[in-house]
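You will see two complexes here that share chain A, one where it goes with chain B and one where it goes with chain C.
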Partner chain A sequence: MKIIRIDKKNWAGGLEKLKGSYRLFGPVKDNEFHNFKRLDKDELPDFNYFNTRLSPKSIIYPQSEIMLEYELDENKENHHVMKESKKDYSQRVVIGIRPCDASAFLLVKRNFDTPEYKDPYWIRSYEATTFVGLACNNPQATCFCTSAGCGPFYEDGLDVLLVDAGDHFLAKIISSKGENLLEAAGWDTETDADEQIETMKQEAEARITSFVTTNKLKDKKIIDLFDAPFWEEVAFACINCGTCTYVCPTCWCFDIQDEAYGLCGIRMRNWDSCMFPLFTLHGSGHNPRSTNMQRVRQRFMHKLKYYVDKYNDGIQCVGCGRCIRLCPVNIDIRKICNMMNSYEVQVTSD
Partner chain B sequence: MQNPYLPYPVRIEEIITETEDKNLKTFKLVFLNPDDQEKFLYKAGQFAELSVAGKGEVPIGIASSPSEKGYLMFTINKVGLVTTTLHCMKPGDIMGIRGPLGNSYPWDILKGKNVVIIGGGFAFTTLRSAIVYMLDPVNRPNFKKIHVIYGARSPGMLLYKDELAAWEARDDINMHITVDSTEDPTWKYNVGFVPTITEQKAPPGNEDTYAIICGPPIMIKFTQPVLDRLGYCHDKIIMSLEMRMKCGIGMCGRCNIGKEFVCKDGPVFTLAQLNEMPKEY
Partner chain C sequence: MLGYLTKIWTISERLLKESKVDMVIGFRKGTVPMMNEPCVVKSPENVKELVWDSNCGINLANYLTDRKEKIAVIAKGCDSRNIVTHIIENKIKRDQLFVIGVPCKGMIDRHKISSMFEKEIIEVIEEENKIIVRGNDCEKIFKKAEVLQENCAICIHRNPVIYDELVAEPVKEQTDIDRYKDVRRIEEMQVEEKNNFFDETLSACIRCYACRNACPLCYCPTCFVDESRPQWLGKSIDPVDIKTFHLLRAFHCAGRCTDCGACQRACPMGINVRIFTKKLEKDCFELYGWEAGMSLDERPPLDTYRPDDPEDFIK
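Presenting the complex of A and B:
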């Protein structure tokens, strides 16, 4: 695969050029943390960060998104008939996304792009986006990506992988989308740095000190794990704040709501969370997941067992570590994953 | 790309109040665009999302049968926001419908079999669809004996009363209508709870006999042991489940039982399948 050398003195100029044909998104300092946002003219992404506080999922899948609109005025033609809202799906690029967050979109894609149904909003914005990843030279203590199906230099889900090499970036072209982007920016100095990148990759991987074990999850029975005795203890401290699902790059659950203003209205979707009791509350008052324990169990069973069984390609987690860093009561998915993986049903003989 | 969230526009053709408490109304809906009707090919047991602009959507079982052409029928219990709005609407009003959604009763498997339908309360809607479908002259030869055990609190709470009476008069379907209790001296059918009537009237289970059962949890709980005693294997007991739903297409993540989404992989499951799934419904 082609590697392009981008001298840092040519960085800002190339990005400005790109802004002519793409909408740019990148990490910027937001109070004491970094988050992804649209880059204005002359604004540069700030790469002085480990990972953003929130995952970049909102770039493809906004926290609130208008889906449909309608008129309620009975004098108007087509009143009460829903139509798709106009959206901007012009091409855009996310610069400096971490490889784990980019690979998370591939896990989520399985939910929104199915053989039977296609979610047009998610798919169109995903397809309109070029992903320029930033390899992690210095993973954090809570990063466990290498045992969660990706890694600090992981390429699947990216169109270009940028490696920070001091006074220049090495840009590894992964797809034709990526190639077009580098061309549009005017970065074209080919270089032979495969070995250098490979060495840096190995060094970065060696810095990862945190792992999950997932090899036995597939063989367990859903019911056995569901009925395992540890869930009360796992869930005991959880206050159901929903922070974990909010910051997670692979959580996709949503709610649909209508809002009418005067005589017109919209149907929109909003991120939702399995941590909230309303998520499953029936109109009758019955709630299949009425307790804290049931909701915590759902979160972990979905990520670490249901998803594993449904798609047969690993867990629904990329190891970014956000939920571990931000959970107010220190619930740690690594610990729970390992508990589930090593759980054996006790055969009682009487 | 077809947008699975975009409802087809429909007009309310007729609204029928079904029960004496006026909490259940049947809506007949007609597509505004004939092309949409062509696309809406459904089977008995499926459901649809009914959409009311400005209020939201509700998943409702399709009560009409694919053999009834030109309209769709839904029977709706007044519960909360959307269903209460629906109850206040009138013929001529425009609303929307998405679907058909979910699997259906397993018609390929039921072909050539005895079918025992057991229903309670207002969960009789998709069972009506199933009955009308099987009784259609084109389809009736495809099934052996048909039994229907249907119960409600009182005579005035039964759905589709005229049709029930018409089915009672036929000899190609065995009707066992029942009410929990009644003071009506003209009541000429059974009195007793559905599980009891099932014990008395349902044929014994065998290779050729399937039971489809829909009703409130309490009815299901007490009917299941009866079916066990009658010798029904769990893969011959078919049930339809309800969960809170939004998308109806397996994407919004709320209606799962284990790895199954009730909206997409269900709502119809055999008891044998449910036995393998977490008890979280």
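Presenting the complex of A and C:
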């Protein structure tokens, strides 16, 4: 794969050039922390960050997204007809996404892009986007990506992998989308740095100090894990807020709502969370997950068992560590994953 | 405050051994710096799981709501006031509880410390009045007073107001504290400026409801934001809906909030959500001379009527 050397003095110029043909998104420090946002003219992405507070999933899958619009005024033509809402699907690029966050989109894709169902909003948005990853030279203590199916230099899900090498970036081209982007920016100095990147990758991986064990999850019986005695204890502290699910790059659940203002209305979807009682409340008033414990169990069973069984490709987690860092009461998915993985049913003889 | 732990263990062990309680609710050591996890200990052999330090900012009264067991609960000044409120509001009975009172010297602000330390925080060590923050190859020492949670810095009820046993002698209460400087600053704003300030304050809100769910007062079986038949409030990130949630929640807490700071501590986005509840707290203090949760014998002002209640604010 081709590697392009980008001297940092050519960085800002290239990005400005890109802004002619792409909408640029990147990490920007706002108040106390970094988040991804659209970069204005002359605004540069700020790479001095470990991991953004919120995952960049909202770039593809906004927290609130209008899908359809309608008119209720009977004097108007096509009243009460749902019309697709106009959206900008012109090409754009996310600069400086961490490899874990980019690979999370591949996990989420399994839900939004299946042979049976194609979510037009997610797919169009995803396909219009080029992902330029920023390799993690210094992973955090809560990062456990290497045992969650990716890594600090992981390439799947990226179009370009950018490696910060001091006074320059090494840009490894992963896809044709990536190649086109570098061309459009005018970065074309080819270099031979495979070995350098490989060494840096190994160094970064060696800095990961946190791991989960997932090897036995698949072989466990669903019912055994479901009935395991540890859920009450795991759930005790949980306050059932939506923090873990909203900061997670792989949580994909949403709720559809109609909102009407006067004679106009919209149909939108909003992120939802399995931590909320309303998530499963039936029209009858019955709630199959009415307790805190049932909801906590659902979240972990989905990520670490149902998903594992359904797709046979690891856990529904990329190890970014956001839920661990931001949970108000310190519920730690690493601990729970290891508990589930090592759980053995106690056989009692009667 | 670090010396409290042995006493917490002794009391908890005794209560569990003598079956005076079914469980002790406290904190265990967290898996990341500046975080402890609320936990329940049911067996005397496990009391050493319990910890006590300046990272116990979550209000444990929140874990008592509607419980039926006999419970020992570790309570700081603010937790104890919320326990009083819980008892008054029939969310738990006094005789179900054994309150292990902790004279508190304040909890540290994890958001603040993270923003004062440029690198990743690997370890935070606490010594009396000193907080040592370590990253890879770097260290910074803070005075505890400079990194206290804001509500703790202005706290005037550090000692538990009800308890069955104290883990140490009461601490000196802070005096000459101006509790409402920030609220006055907002009161002085013009309407539009105030509205902009609220919008700005809430602009980062992701509607995760961590503030509500960490709050011991927010125990409604169905919160107004979750009413679905019919629905009361929009579900999107529309700023008006977000503001409605925060303002109404604050009003629901009027005369009940103890400014324990759990809401703000819980917020993943570091929003100053206390600013809303504090305004209501100030009003209740100024209008009714009321501070929430100070006594089991007095009904909160918004649930009683007295002929001499102030009514100047009714227009």
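The rule we apply is simple: the second predicted complex is superposed on the first by the 350 of 350 C-alpha atoms of A that agree within 3 Å, B and C clash if a C-alpha of one lies under 4 Å from a C-alpha of the other, contacts with A are read in each partner's own complex, and residues count from 1 in each chain.
In this section, a contact is a pair of C-beta atoms (placed from the backbone, for glycine too) under 8 Å apart; a residue touches a chain by one contact, two chains touch by 3 or more.
As the structure is a prediction and not an experimental result, all values here were calculated from the model.
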Superposition on chain A - do chain B and chain C clash or fit: fit
Touching A:124 in the superposition: chain B (first), chain C (second), both, neither? first
Would you sort A:112 into first (chain B), second (chain C), both or neither based on which partner it touches? first
Taking the superposition as given, does A:53 touch the first partner, chain B, the second, chain C, both, or neither? second
Cα-centre angle that chain B and chain C span when viewed from chain A, reported as a multiple of 10 degrees: 90
Tell me which of chain B and chain C touches more residues of chain A. B
In the overlay, answer first, second, both or neither for which of chain B and chain C A:159 touches. neither
For A:63, using the defined touch cut-off, is the partner it touches chain B, chain C, both, or neither? Pick first, second, both or neither. second
Just chain B (first), just chain C (second), both, or neither: which does A:335 touch? second
Quick one: classify A:101 as touching chain B (first), chain C (second), both or neither. neither
Tell me the contact category for A:257 with respect to chain B and chain C: first, second, both or neither. both
Upon superposition of the two complexes, what minimum C-alpha distance (Å) separates chain B from chain C? 5
Chain A positions within both the chain B interface and the chain C interface are 255, 257, 281
Any idea which chain B residues touch chain A in the complex? 1-7, 9, 32, 51-57, 79-80, 83, 93-96, 217, 242-244, 246-247, 249-259, 264, 276-278, 280-281
Tell me, which parts of chain A touch chain B in their complex? 67-68, 70, 72, 78-84, 111-112, 114, 116-120, 123-124, 222-223, 226-227, 252-258, 260, 265, 267, 269, 272, 274, 279-284, 286, 288-289, 294, 298, 301-302, 305-307, 309-310
Chain A contact footprint on chain C (complex, rising order): 30-32, 35-40, 58, 62-63, 111, 114-115, 120, 122, 204, 206-210, 212-214, 226, 228, 234-238, 265-270
Chain C-touching residues of chain A, taken from the complex the two chains share: 30-33, 50, 53-54, 63-64, 138, 140-142, 233, 236-237, 239-243, 246-247, 255, 257, 259, 268, 270, 273, 276-278, 281, 324-326, 328-332, 334-335
